[in-house]
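Structures for review follow.
Next, two complexes with chain A in common: one pairs it with chain B, the other with chain C.
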Partner chain A sequence: MVRLSSILCRSRFARQQKQAFQRKGVYYVRNSPSLSQGILQESGANVADPRPEINPPPPEWIPPAEMLDDFRINFPPPQDHRKKDKSIWHLSSRISLTEGIDQACLLTKTQRFNGLPPQIERLVDKYSLTNQDEKIKDVIRHAMTWNNTNKKLPRRIDFERPGYVFTREYGIPNYKSICIMLENYIRLSQSFGGAYPELTASRRLVCKPSIETSYEYQNETIEIRALNDYIVNDRRPLNPLGNDQMIAESVNHELLDMYPVSPTVDLLRTDIYEDLNRGAFKEMLRIPCSHPQIVFRINSGRGREANQAFNLMTTFGIAITEARSRYGIGMGKLEVPVTIINMNISFNRINYIVFQLNTMDFDNDEGIKNLAWFDSELMFRKHPCKQWLEADNKIKPAVYNDYNKKAFSKFLALYLYDYVN
Partner chain B sequence: MIRRGSNLRKYVQLVSQSCVRNNQHLASVADNSDDAHYPKIKPKYPPGKWGNMDPRHAWMWGREWEQIAKCRTYQEKINFLTEHIHKVWVYNSIETTPNLLPYKGGVTKTTVKEVRSLEADDGNLSAWPSVYNSVNVEQEFERMKQLTIEVLEQVENMNHDYLKRRELKQMHNIPGNCVIYLDYKMSRVLISSLLTNILGNLGGRHEHILNSHYDENSTVAAFWNKDGVENFKMFKKVSPAYLRKQSATFFGEQAVDFHIRKDKPLPEFASLTDDVCCKLTYDKSMLDYYPGVLGQFYDHKQKKISQGYTIGDPCKFTHLNVIFPNNKAMNLVSRYGEDCRLDAETGYLLSTGFLTTLSQAHALGFNQYEEITYPFTTQTILTDGQNFTLSAYQLNTTQMWKDDEANELQNVLWKTKSMKLFEKYENGKVVGFNDELFTMLLKFLLIEPSDRNGIDLSPNIDSYPEKQEIDDVKFDVFVEKPIIYESV
Partner chain C sequence: MMASTIIPACKHMLSQNLSGWTVLAQRLSFIRSISSARNKELPVITKIKPEEREGVAPHAIGYKKIKAKFLLQGVDLNKYTHVPIPYPKTGGRSWSGRVFNKRIGGGHKQRYRMVDFTRNPISETEPLVEKVLEVRYDPLRSADIALVCKDNHKRWIIAGSTMKKGDIIKSCGEIPTLPVMAKEGDAHPVGALPIGSVVYNIEKFERHGGVVARAGGCSGSILKKIGDNVIIKMPSNQEISISKYCMATVGRVSNIEKQPIGSAQRHRWFGVRPASGLYQKKSGYHGRKIKAPKKLITYELHTKTKISDMFDS
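What follows is the complex of A and B.
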């Protein structure tokens, strides 16, 4: 119920006033002749209109000669009028090769071997740290539980229970865990410098080096761009693993035949303005430790085959830049092959690649081939909590088991190759 | 008529009590002892030193002290301390308001010692801690120097276009100079290259470096109470049971860029009986001001303790922190002038050292109720890749809520001036390498932790959670039974 007050009872004239103004409020001054004006004209007086002097009109706006760029407006990018050199095939970390390692071997003219070379297999389990297993398990615990990073993790999907909605989890992201494991593995491997001083006398670890290079494959240019996590450099290169007999026998090896599909089907077509041949360093020979030996990379979330294929291409790019710095451009068969080791880590798996560049002739698929050995080991298994089975529906810590000591033993053997007997 | 029930019960109680009293009286008369006549009188203060504190506040602290002393595991203590949401003053690592270094030192009860030279103790209170005299770096110096120079040259000659490309993508629509972020990334790449190479090299010959844990971007957080700071204004009526505390609560949180931890603590830089720890010389001039007047903000927060790792890690003691000055807050402060920037850098070193040691102390069972039994020490380096400022911090007390009369200990920060590791790059080569500074950096890395003469490092905690087991991989082995054929 509304209380009656004087404000409620007052009369309202607002609408009537508005309507009255619309009808009668506007007075038009027309230049119609009036009696007084006529009388003044007859008498010869000058009649002037005072309105322009009382209310002069605003000046006309002239835009300034130079306008500042308005950051609120999206301007289109300036057109690049440089002469395009050519269009090339581009390989980057976003691309996945359909045929996997075989396609990468076709693009790099490589013969594939499964397992590590015999010279490195002999070093596995021959050298080890004191309490090695306990130290590696501590590394895994450090990466998975002891680090106090508390970031929002992506919502989990478990195929055992497809529709189940897990509660939001906070913890260590996978990428951070892998970084911690890789750093610790490298530091533990470097500790052998106490027993073998040559390991640390001239070897240097470079953080986050990038590779940008290109090469001619059957009259087409392929550009390789990759950002690596670490590269181990030294004053001298690694000794080749494949002997002359293996290189000679590689002539008979047949590469994958993808006809009628082109091997460059998965690569992106881009335009470039300059040829790139940039290794990790601007001028390789000026720096003392500039021969790359080992490449470490952290993989993004792809399958094992796709990761190995991309890592083979990046290792190949590094080998090409090293070969060009030694022998120049236009070389066919190399006098001394270039050997590069690649170790790439996914969440709980290490993949190993040993690549030997024997030839820079990619005009056809015949002739001697490059050599590559592939291997892989699972480090451990992680069993996350099955929340739907818990009585209070709360998430409990994950369980880790199936620790595989061979993973680090192979890592160490590859690190120590060519520096120990 | 007496109602049965409660009245009868009360009557019976009164009678029984008087009987007991009479009996006690009779017993005491027989024994000639006076104690039974009077109940125990509560003393003015609980056991311990309380200075000029209000007795009601002292008894409140004492009661909470007894409760937390009953908790014998880390988790129980932390749950007791961080149970409720409180109104706290936020303690910033880098103060964007200038001239607040005395405030930062006063609130953390820290005195700042500016060290002019890296030469050690000559009886001067402002000299660098003498512990570093005993660290021998002669064997490693030449090799590490050559390695450092080569790493510096490599990083300079490396292709950093990917950093600049990402930089442009992030900052293209904001006008102005965005060099600060690029500088930070370049410094980070340089320092991580140096640390990975040097630590890897030294790990082969020094067991304590091999077994240390190395983290990046770890968060440290701690809270504490400080006496003498004006507390929040209370506008609503409070019950007599809830007393307004004399001391104000502060909370600090910070990310340390590089964090090295070991399983034993660093040796103490100064004894607790030394003048630098006992003679209170920390600056109290700004404690009279209400913190809001000094540009400080408060917040309702759940108290948090974070020591840079989760419990279970055997490496509990901080050995070395590395922090970078090229960030937005430091850039803002540097607009006030060079002096303000230097003060802000000192404050940054102070807060890093204080927060890491205080959170470390909490992880070992100490807190503001249970005082530390040995000083906690840490080292901090502030660098942008070329300019280095070294500091050493010693935490002597966690009971900062007691006044100076009750608690005569103070915390100490030793700090050097900013020094260049090398002058410049010329044609890709390092020019003007500073041997003296590099010797000190090596000492920072090579100083061995000590077990502090065998004392119990965590006397208030009975046991820590055990390490999570990781079982070895199992292989299935099939044993086939031999087939025996029956003769036909």
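What follows is the complex of A and C.
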């Protein structure tokens, strides 16, 4: 029971007061006239009000005619003293070329050859490690199953059975396994240093080198930017693979005709502050071991054609900076060509490029061309589990087969070129 | 008593020349500045007169309405890009949040690729030559679309039935005395084409972009030529007369054999919700109503100020 009290039973005037004030408004109640005031009025004396003199009223506020801008939104633009004068065509790993390798050959003015050059083809299967195939199979097992990373993998889509919902898989991501494979391939090929000490004495492996270069192609500047994974430098450059006869015959080679499309169609039009020419290691590292020889790069899930095209552009960028550091700017035909090897690795495929820079003249498509050899090998095949065919509808580990021993032997031949007979 | 309570609250305001008005004014200015900032970025699309056509990009001349979906993202449709833009779903709701269509909702995520319906030549004598880089499916229309390129400019157009990668297509502006032998996929003025030819992506007004026969498998045909006008049969069997300078592409629109939707569940993937209510099937007992054929429609640009000036004296 609620106990009756005076507080409970009181009448509440607060709401009534509020409503009354809302209706009638708030006002001062004047004091009632006093006796002294009446006497003063009768006597005829002037009575002044002292209150405004003692406590003068504040001046009236006038709203401004124009409102000021709000600093939270209408802030001034950032002041940049540099000027974006130059407009260029930008190329990076996000951009893929529509015509593939042929378009890259057109931009770099190169003649294309399929297969490795004969000097390197001779070295394939000539040199090998003891128990080479088993060692490389171990590398693949290490990368695919033995490594203990257990991360969330992307959801699988099978075009044989579209719409089927797979159970979530945990394991080694593709990028991680490619990294493990590449590191081990390099390590195994470095083990030839015992037999050929020049490999360990003068060569040096650099991790994550970047390139920022630009060159003039038919009255337009093209900028190449890329981040490679490894690069092999040496005290001396590699010997060129194409002889003088091949270079002379390259005059007759005709490049791709892309009419009515421009060769710079896929590149990005941007404005830049300044021209960069980074990629030559002479200035960056300040060591005698400054000539780039072999570039290693991990591909990011595109087709073979697109990957090879972009890797040709990056090797070309490194070759340009190397040529500039050797012979200076504004050279036409080079005295000794610059040769650089590129090996880019995908999940189960190794692509090879051998590039030779003969000219630095890109004003027109006539004259001597550069040379490039392209090749690629499949290392193995992966057969993922078809979950809908299993009896208990549970996911099983994938099957790996079709091991190709030629893939690593080509890798080794390119690594040992110019250091073995 | 009340006066004494109000005065100290106001004292602080009065000492800093602040009042309730200033606070209100500040808030108002904040709101106004937001709205003004938005208004500055808004792409204003109006029906453009031929005199004011110079500053506007050719693909945007035919635009009539603003699409509220793209306004929120700050996408200006007057600037052309071939890069796909995210296409947010309405769920059948309008700007204010009210339902305007109950049958819209859900579906697969889609992206908008700007389709350029114009096929303008460079000049009357010089044709525009383009190369087809890609032909692909478009989620927002029944027809396929093709990526074409000239020099460094890429754009999406509606693909013809025989268009494939590597083709070279032309858009000409010349009207010779004898009708041209047109190739499929090429664009010509309607006056230049022979009578009976099958065309798609037909313009109603010259240089305004194609409007007629753009859906998958559609096509119109040229019937007659009277003076400076050409009479065309639309896919709906209605006849229109347009100027002979209006552009049209030769052939049919791609995706002729459309895949049937098949099931109610597949209908949901396209963002269509089920229809509620019983559908009463018509018996056909009372027969079909026979209607008179529709009248011919003529389309003309309002180049003159007075309507009376447009007729011959």
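Simple rule for what comes next: the second predicted complex is superposed on the first by the 335 of 421 C-alpha atoms of A that agree within 3 Å, B and C clash if a C-alpha of one lies under 4 Å from a C-alpha of the other, contacts with A are read in each partner's own complex, and residues count from 1 in each chain.
In the analysis below, a contact is a pair of C-beta atoms (placed from the backbone, for glycine too) under 8 Å apart; a residue touches a chain by one contact, two chains touch by 3 or more.
This structure is a prediction, so every number in the text was calculated from the model and none was measured.
Looking at the shared chain after the overlay, A:Leu227 reaches chain B, while chain C stays out of its contact range. Of the two partner chains, chain C is the only one touched by A:Val261; chain B is not.
Contact with chain C, but none with chain B, is seen for A:Pro58 once the two complexes are overlaid on the shared chain. In the superposition on chain A, contact is made by A:Arg141 with chain B only, not with chain C. Once chain A of one complex is fitted onto chain A of the other, the partner contacts of A:Asp402 are limited to chain B, with no touch recorded for chain C. For chain A, the partner that touches more of its residues is B, with chain B and chain C as the two candidates.
In the superposition on chain A, A:Tyr170 makes contact with neither chain B nor chain C.
Chain contact summary for the complex, chain A toward chain B: residues 71, 133, 137-138, 140-142, 145-150, 179-180, 183-184, 186-188, 190-195, 200-201, 204-210, 212, 227, 230, 233, 278-283, 286-289, 380, 397, 400-405. Listing the residues of chain A that touch chain C in their complex gives 21, 26, 28, 58, 61, 63, 67-70, 72-74, 98, 259-262, 264-265, 269.
Across the complex, chain A is touched by residues 143, 147, 150-151, 153-155, 157-159, 161-162, 173, 175, 189, 192-193, 196-197, 199-201, 203-205, 210, 213-219, 306-310, 312-314, 428, 467-468, 470-474 of chain B. For chain C in complex with chain A, the residues that touch the partner chain are 2-3, 6, 14-15, 17, 19, 21-22, 25, 29-30, 32-34, 37, 129-131, 133, 149-152, 154, 168.
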